[in-house]
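Note that chain A is present in both complexes that follow, paired respectively with chain B and with chain C.
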Partner chain A sequence: MATGGYVGKILYVNLTDGRIEEIPTSKYEQWGGGHGMGSAVFFDLVKDKTIDGFDPENVVTFMTSPFSGTLTPSASGRTEVQGIGVQSYPVGWFTRANFGGRFSAELKYAGWDGIAIQGKAEKPVWINIVNGEVSIEDAVGIWGLNTHEAQQKIWSIVGGDEAENGEWRGMSTGRDSGRTTQRPAVVTIGVAGENLNRNAMLLHDSGNSAGQGGFGGVLGSKNLKAVSVVGTGSVPVADPAALMDLRMELQAGFAYNVEEPVLEAPMADFPFYGIITRSPGASTVMWKGKDHPNRPQGCIGCFRACRRRWENGVANGDGCAESTYWMMGTQDENMAATHLLDQLGLNHYDAKNYSYLLALYKMGILGPGMQIDTKLPFENYKSYAFIEAYTKAIANREDIGADLAEGFARAAEKWGRYEEDTTSGILALPNWGFSEHYDPRIEVEWSYGSILGDRDINEHGLNTHVHWAPQVQAMVKQAPLVPAEQLVNLIAEATGLEPEGWDYSPDGIYADAKIAAVAWHRHYSRFWIQSMGMCDTAWPMLVNQVSEDHKGATPEYEPRLFEAVTGTVLSYEDSLELGRKIWNLDKAIWVLQGRHRDQEVHTGYVYSVPTTAPYFLPAKVDGVWDYSTCVGRTLDREKWEGVKTRFFELEGWDPATGWPTRATLEALDLSAVADELDAAGKLGA
Partner chain B sequence: MVEYEAEELFAQPDAELAERAMRELSWAERLTISKMNPATGTENVDVYNLPHAVLHLFGTRWDRLLLDGSRAGIAYVDTTRFVAWLGDVVGDKALAEAVAECFAQDVSYEEKIEAIKPLFKERMSQYGALMIETAVE
Partner chain C sequence: MVDKDNTVVPAAEATGLSRREFVTGIGGTGVGLVLGGLLVKGFMLPDEVYAIPASEGYLLVDTKKCAGCESCMLACSLVHYGRENTSLARIQITQDPFGTFPQDLQMDQCRQCPYPACVDACPTGAMHADAATGARMVDERKCIGCERCVNACPFTPSRVQWNHEDKHAQKCDLCKDTPYWNHEGGADGMQACVAICPMKAISFTKEIPAQSEQGYQVNLRDAHWGHIGFPTDDAGKIVPQPAPAPAPAAK
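What follows is the complex of A and B.
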């Protein structure tokens, strides 16, 4: 039993009948936290797993981890969101999203390890959590507001108009409830969510978003505008001194040294290189600071602080893909377009496909009076007026925005174009309707993991080392700081796998070693990233590009951090087993939803359109390791089928269907899950 | 690396060439540029006019990230296709030939792109000036 990390209870709110209940965290502690707990809570609460994401019986969980609200570096401020999603295509799989900021910490300070929300309110509401007091509030005056306005309104209600941020204030729940300097942490939907957009996101503070899955739309379908939490308690830590020591060690060895940087970019004003030096603010590489002074900003407790806060107050904290949304205008227009996405509560990762619409416009298929009739100003596609009109049309379901609010995959299907355009690749949605992220034909932990799971995996920890570091260095004519052979050996040592697991050669991506690497990636991520809330921008730390020996912090530090916080000894091997258990539970839910191996196939272009741009990854050719450009590559359909068969065998799943077997589930102490699959006639043979 | 004095390289284009080179292109005439950055990976962007290509290629150079560009990442274009596009589609044979000569150097992709930058700077300036004059007329 843990002596630290957990605060004891999970909040259950039923919006249909107004029930507010407590679930003891101890019931789910075996799952670690975050994703593991969320999947287990979902499994218990949702009896019929075949329901649609918009069904009131769907449960949305917001889960923290033992690390949330502690000093665990790059692991304190992430919140895991789960439930049946509405974005993936053709099936809305049980899925996950995640956002940073301070919501997870505030929830723990209020005494809650997580929240599970079920049902549908009769009219728009928001949930107010002040320490142990929870109420469902009328959202009159808040529904219809944009995401920033909604948060400001709630701050004024909960925190009091008179309280300036940064000042101590007492919470109005009694003399002993304590004081805080913090505004309530609010996660909210925008009008996109209110309009049941399948790509509506959740937003917290200025730019922390849970983008994928369509959870904004799911909350909208529950008539739930926002969840607000403020707490004045703290998180017990089993061995605070050990945690502090670990933090200082990690800070010294793996963070950017502001006073005496060990490594700097090879040219001035070169923020991209920050993914190698780990300099603060490094993820916001899209916008220059010349016109708008800014400073680094991070999620609570993070020693990376990868985002930026701008003097002009626009697009604060938007450091990730959303900052690339609009790249044609001036910087102010670029930032305004991202800010607009935030305020409307719209997920950039689907909306960014306007280049596909432009292709259809140029082909004479889309436009005024055309087959896809639209009045959107495509003739001015380079203007901010276009991107503004287009973005608002999706959020408000106007013009072709009504189709696009269903997501690009469903819109293309409605227009009769899905097969043709995903085969030619002009609509690059390689798996489950999600936009291409890293190249599915080459960087296969990403594409195999995505199609074998529920969404674009969006896990950058490995990708940074195998792809981005060599890519960046090649493009600035710098010899790799870590040569390919040393890199794969370091990763092999850190993961306990063979170096060949990180071979991206045409043969390497189908080898047994690669299949083992894909399984490791799923298991590691399910536990440490998604259940322990360790940010994928920082973890796993497989390699240290900056130090002399280049040795990373993984796998030594994760178990030590776990023990310092929870007081429980967990070996690295056992943590991977826990990750495998969570991965199996998720797989069982997908199977109950109708998953079969025949569906686990990428869209056509992945198998037929060769890559054209250099894409550096380690590859072993004629026994020699080097970084290869990987040009001219496609996936081979037959070989992919073979990979699936061998992957299923490795996982102990039925190779004919991909369904988990009873023996596998029982060995993981998942007999009840096996029983439910059995009852549905979906247990692997 | 070869360095050109662009002013010495190009004669002033006539109005017909300027109009052709600066026109909006069709779907079949597009150029595909691969934009790469850590957050989004590699995205193929279709480009439908010369200024748009210039924006994507040179507005994303490493050395200009915080200086005068708002875009980041690597903009990759297939050099052979790019030369063919400039000559055959855009219709600027002189520019295509000068770019081809830079690309023939045995240097890295980055250096090739650096080498063609002054050519485009000059050519766009010539086109820009000419287009304004034409508009005034």
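What follows is the complex of A and C.
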């Protein structure tokens, strides 16, 4: 039984009948937190797993972890969101999204380890959580607002608006309920979510979005505009001095030292290089500070602060791919386009496919009076006016936005183009309708993990070292700081697997060592990233690019942090087992939803269109390790089928179907899950 | 800055200058720049006023360098109470996520005022200057919970807080009393917020710093800060474009 990390209860809100109840966290503590708890709570609350994501019975969970709200570095501020999604194609799988900021911490301070929301309100509402007091409030005056306005409006209601900035505010009438200077943490949907857009995201503060899954649309279908939380309670920590020591050690060894950096970028104001040095503000890869002075901005408790807040207040907190949404204008226009996405509550990663529409426009298929009839100003597609009109059209379901609000996969299907365009690759949606993120033909932990799961996995801990570090150094014509052979040996040491697990050669991506690496990646991520809320851009820390020995913090520090916070001992090996258990529970839910191995196939271009751009990854060729450009690569259909078979065997799943077997589930103490699969006739043989 | 204290403070009759007036002037906003470079002992004041020893240390903050991660708040709560609670942090970061840099964020640390209104206001002597370090701190056993100290602090938010869980006033003690930390704190030791701030936006000084209505005049941003794309000038308006750094040695 943990002595720290948890605050004791999970909130259940039923919007249909207004029930507000408590679930003891202890019932779910065995799952660690975050995703594990969310999956288990979902499994118990949703009796019929085959329902659609828009069905009122769908449950959306917002889960914290024992690390939330603590000093655990790059692990304090993330909230895991789960439920049946509406974005993935052709099936809306049970899925997850995740956002940073401070919502998870505030929820813990309010005394809640998580929230489970079920049902559908009769009229638009928002949920107000002030410590232990929870109410369902009328959203009149908030519904219809953009994501920024909605939060500001709620601050003006709960406290912490402009007039009260920086004041200590009481929670209720008595001083013993505590005071805070902090604004309530609000997560909200925009008009895209209200319009049941399948690519609508959730936004918290500025730039913290739960992008994938279409949870904006799911909350919209529940008539739920926002959840606000503010709290003044404490999160117990089992061994505070140990946590403080660990934080200081990790900061000294693995954070960027802003006063005495070990290594600096070869040119000034070049955030991309921060992928290697971990410098603050590194995620805003396309935006420069010279035109707009700014500060670094971090989620609560983070020691990296990868984002920025700008002098013009535009696109605050946005980073990474969000900063690449629009790149054809001035920096001001590019930032404004991302800002607009945020305000409307749209997920960048689907909306960015306007490049596909431009291709159709140039092919004479899309345009005024064309087969795909649109009045959007494609003739001026390099202008901000275009991206503004286009983005608003999706959020408001206007013009072809009515089709695109269903997601690009469904829109292309409606237009009769899905098969052709995903085979040619002009519409690059390699798995489950999600846009290509990293090359699915080469960086296969990403593509295998995504198609074997439910979404684009979006886990950068490994990707940073195997792909980005050599890629960025190639961009600036530097020799790799960590040679390929040393890199794979370091990762092998950190993971306990073979160096060949990180061989991205044409043969390496089908080898048994690679399959073991993919399984490790799923299990590690399920526990440490998604259940313990460790940020995927920081963890696992497999390699230290800038230190002398290049040794990372993984796997030494994760279990030590877990013990310092919770007071319970969890070995690295046991943590992977717990990750495997959570992964099996998720898989069981997908199987109940209709998953079969025959569906786990990427779209056509992955198998037929060779890569052309240099894409650096370690590869072992003729016994020699090097970073390969990996040009001219496709995935082999037959070999992928073989990989699946061996992966299922490794996981203890039926190779014919990919379904978990009773023996596997029972060995993981998941007998009830096996029974439910059995009852549905979907237990692996 | 709002003067919230309406309590009557004994005046230094001989000079006609009340300690209260002096405190407001020093700690609050009555004068623009009151202590530039001077040590407190250099002030010529009547004995009745000059009764509280100066703190032997001060926290300096550079609000333009802060990343808003609030790690300082988490560290403060952790080392003093062994638990995490931003409401129990003696340094507060308040910010507007939609705000414009640099007005979007404040770092609210105790100034260890030369003439501390909080000490003055305390009817029991619970709020006192530590004999060893001069840090203004609370003797929790003597605190009766009247909150006069909380209200007396001339700053917003008050740098003295009511600890609603343990039922006593609290304020920054420069980490003198940190039972949950394996390091020696205090004016001659380490301070948790300084040790933890990943941006090094908080530093510690033994000399009383210059201050204005906006707080201390501190710029902790150097050329390395400019190199990664952040402004280094006092006003936070200019991002320098220095010469390229040397390329790392190839291996």
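To be clear about the criterion, the second predicted complex is superposed on the first by the 678 of 685 C-alpha atoms of A that agree within 3 Å, B and C clash if a C-alpha of one lies under 4 Å from a C-alpha of the other, contacts with A are read in each partner's own complex, and residues count from 1 in each chain.
To be clear about the criterion, a contact is a pair of C-beta atoms (placed from the backbone, for glycine too) under 8 Å apart; a residue touches a chain by one contact, two chains touch by 3 or more.
The structure presented is a predicted model; accordingly, all values stated were derived computationally and were not measured.
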Overlaying on chain A: chain B and chain C, fit or clash? fit
Regarding the shared-chain residue A:363, is it in contact with chain B (first), chain C (second), both, or neither? first
Go through the superposed model and pick first if A:543 touches only chain B, second if only chain C, both, or neither. neither
With chain A at the apex, the angle to the CA centres of chain B and chain C, rounded to a multiple of 10 degrees, reads 100
Given the touch rule stated above, what does A:464 touch, chain B (first), chain C (second), both, or neither? first
What is the contact status of A:324 with respect to chain B (first) and chain C (second): first, second, both, or neither? first
Identify which of chain B and chain C touches the larger number of residues of chain A. C
Quick check on the superposed pair: does A:70 touch chain B, chain C, both, or neither? Answer first, second, both or neither. second
Touch test for A:382: chain B only (first), chain C only (second), both, or neither? first
With both complexes overlaid on chain A, what's the closest CA-to-CA approach of chain B to chain C, in Å? 7
Name the residues of chain A shared by its contacts with chain B and its contacts with chain C. 267, 269-271, 288-290
Residues on chain A engaged by chain C in the complex (per definition of touch): 69-71, 76, 101-102, 105, 108-109, 148, 152, 162, 165-168, 175-183, 205-207, 232-237, 240-241, 243-245, 247-248, 251, 255-256, 258-261, 263-271, 274, 279-282, 288-290, 293-305, 309-313, 316-317, 478-483
Considering the complex alone, what residue numbers of chain A touch chain B? 267, 269-272, 275, 283, 285-290, 319-321, 323-324, 327-328, 330-331, 334, 352, 355, 358-359, 362-364, 382, 425, 428, 436-439, 460, 464, 468, 471, 475-477, 612-615
Which residues, counting only chain B, touch chain A once they are in their complex? 26-27, 30, 32, 34-46, 48, 52, 55-56, 62-63, 65-74, 76, 78, 108-111
As the complex stands, chain C meets chain A at residues 64-71, 74-75, 77-79, 81-88, 92, 94, 96-102, 104-106, 108, 147, 156-158, 161-162, 164-165, 167, 180-182, 192, 195-196, 198-200, 222, 224-231, 236-242, 244-245, 247-248, 250-251
